[in-house]
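Below are structures written as structure tokens.
Consider the two complexes below, in which chain A is the common component and chain B and chain C are the respective partners.
Here is the complex of A and B:
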């Protein structure tokens, strides 16, 4: 009886939870045990703790669901732009070829990543591929430098490759993406970095659930000439009559710059699409997990509530029968 | 024999059709391209492109880019393109006046260059409308 009264009191004075219950909650690592064995095998059941936990999990579920819907709407907006820009870089590839295997002395890896987090593993894959390219292209005469777009890649690459970073650009998506902005950016990069080959690393948007890390290669004019002379894919380049300027070299130089800005534009758009898609799926699985956890907590809550009621009843009945008999 | 013409800008595909002949304005003058032309790759200046389909000439204002022709397939990649029929005459006149005013009060090299560019673009668009008629 006394224990029941104590327990009832414990529940009424819920804010002043007994010290033993608090330590029990704090000591358990992941999933707090709600039943505490007292000195005489009595159970203090802190339904309050479970209730608090359920409230916070429910809030998390709501927030992640909202984030998923926001990401979905942003994705729709960017997707049309991306598809329109895809046709732009294909003629360049048809004319100048995409030669990832070109052997050059000065490589520049342009890594495109997102500024905000909570978007799954796309940034880590981009960084992994950039590091792989770096390793592949470092040797006695060759060197690789980084140009970083986006906060997340910056955080990861600054840690171990600080000396190889040439340029860092962040907050790309503050204004909606358009070609003028990206071409100014491309101009900056071309002015400040000497290169023989530019490799742009980004996540291509295949579908809402699949993002493929890709590398687009843009070669500088000297390398293009070299490859054209050696035949192979670029051998046809010489057969083109080049007009509209003083020299063929000047036109090819302009063409290479235009190619770079178009490929950058496409890459930045595709990466933005992938970011939104990855965020959508990450938030979706997160809200689903929150829902599962909520179900489990509700069951535990009901079980412990019923158990405490049952124990109280038993004690009352046994106390009453002891009095009679 | 027709040419397959494709005009692309960073934001959209402006034209994708078959034409009989085109007149392109490059940095070193205008060139006419008929079917079975030799392969060419040229830079395009801000100017107008004239297309002939079925004895009718269409004008499109182009804002600088590149063109490539191979085996009766022409691909034009420009920063921006507007069909003559899509341009509003009054709006273009106003833009031209604003561009001229900006050029007059531009100071500093960058502003002058930008104002010049805007003026050329406005002039091209005016020309595009005028040559239709």
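Here is the complex of A and C:
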């Protein structure tokens, strides 16, 4: 009977002494106390798991801090470029106005997003707005197609709107953004996609903590003429004399293409700025969270350590008093 | 690391302050914006409608009834705004504004349109013109600033605003004559050895730009 009791004791202790790492992580993370067999049978409670966790959280904190610094320096570099490019789209809006509510048959939504993640919610916002525009412009004889720039929007839109996607362009920021690259891109889009209205969805950079989702509309020449004839915003477009070229239509066609490439350039730059800013704040809150977690783990560690010291002392003292009397 | 952190903290407010000027929302809100916002809120009630470029722009003044005496010029490039809402006034102004005796502060803007050099004065008729590679000169009284423009558009509005949008513009003193000659020779040889239409067109464009550069530097 004593042997059976001993065997039962052994079986009870066995799982505690078995490989700790995997099972301990799966069990309660805050109080993973394990019993160690020290010399003379004295039992120590191990603080190994908590120490491992603290080390990994500290590393994460260092990494996110570094990522924030990198994002800050990239933001500085690209912010000057963005502010300089802001004058580029204004003349077009001054001439042709801004008609996001123009009723057209063929809509193309150009969604601009980032390739890399860890930048907060800006990509999801852009995708939501694009889907909203799709819904807004749905109706009989109307269709909306997507042109996607960036991996993150592609991942989200491929899931439910795969048949509406015309073009996907990724790895935009491999080389520093410049106008030549964007105009080639714009050329590709204009060549391959039929459109009546192009709506560019991007995040406009207001400040390091604020990014405003914006939609820029570029209308094709036919729609511009239709709107000009019907009066209203574009009514006085006819009063402009068009110099050069064989026909007015040819110049207006060039104008529409130029407008698209200029607005794209500004949009891509603004989105890149917003991406870096969002990444900065995301990494900042991540390091702060890691710091908080580290504080909590340090408290747990100290408690466990003190508890094990207390247990040791109690055992020694009770052993000594047993010997005395 | 502390130094870098404090540098970052010091830079942040500056970044925010510099970005401020464009965050002013203007009360313009013309009818197009309102219809869009209404349509959006009907279909997608949970999200705020996205902003449109009109809300980020300074509104332009309306067309005046008499001929205005000043011209406001915006000269923009993808990488910079060379002249941003720079006003040029012609105080000695009369019905016939060109070539008066007191040409002390006469202003003239010459743009290289596809139909030739076009002069722009305050009160010019509203025009949309495409630019060809050539020299753009701003005459302000006695000083002249010349830029070589690669191509672009110029819009002259009825309210005496001129917008010049160019893809590339360099002041003439930054051009190197030798490189221009070399480029011209290169493109001429490319044209003679071109096979497809696309190559021929590209070589022709190269020749046009370089010969314009040449005449700008010599003429």
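Things worth noting here:
Following the convention adopted for this analysis, the second predicted complex is superposed on the first by the 283 of 325 C-alpha atoms of A that agree within 3 Å, B and C clash if a C-alpha of one lies under 4 Å from a C-alpha of the other, contacts with A are read in each partner's own complex, and residues count from 1 in each chain.
The rule we apply is simple: a residue touches a chain if its C-beta (ideal position, glycine included) is under 8 Å from a C-beta of that chain, and two chains touch if they have at least 3 such contacts.
Keep in mind it's a predicted model, so treat the numbers as computed, not measured.
In this superposed model built on chain A, chain B and chain C take up the same space, so to speak, and clash. Touch criterion met: A:135 reaches chain C, while chain B stays clear of it. After overlaying the two complexes on the shared chain, residue contacts for A:207 are found with chain C alone; chain B is out of touch. After overlaying the two complexes on the shared chain, residue contacts for A:148 are found with neither chain B nor chain C.
Among chain B and chain C, the chain that touches a larger number of residues in chain A is C. When both complexes are overlaid on chain A, the residue A:215 reaches chain C alone and has no touch with chain B. Judged by the touch definition given at the top, the superposed model places A:81 against both chain B and chain C. Within chain A, the residues touched by chain B in the first complex and by chain C in the second are 81, 84-85, 87-88, 91-92, 94-95, 179, 183, 239-245, 251, 254-255, 258, 262, 265. Listed in rising order, the residues of chain B touching chain A in the complex are 8-13, 26-28, 31, 38-45, 65-66, 68, 70, 75, 77, 79.
Contacts from chain C toward chain A in the complex involve residues 4, 8, 11-12, 15-16, 18-20, 22-23, 30-33, 35-36, 39-40, 43-44, 47, 50-54, 56-57, 60, 74, 76-81, 84, 113-115, 118, 125-130, 152-153, 155, 157-158, 161, 163, 165, 167. Chain A meets chain C in the complex at residues 69, 72, 75-76, 79, 81, 83-95, 97-102, 128-129, 132, 135-136, 179, 183, 201, 204-210, 212-217, 232-233, 236, 239-245, 251-252, 254-255, 258, 262-263, 265.
Across the complex, chain A meets chain B through its residues 81, 84-85, 87-88, 91-92, 94-95, 178-179, 183, 239-245, 251, 254-255, 258, 262, 265.
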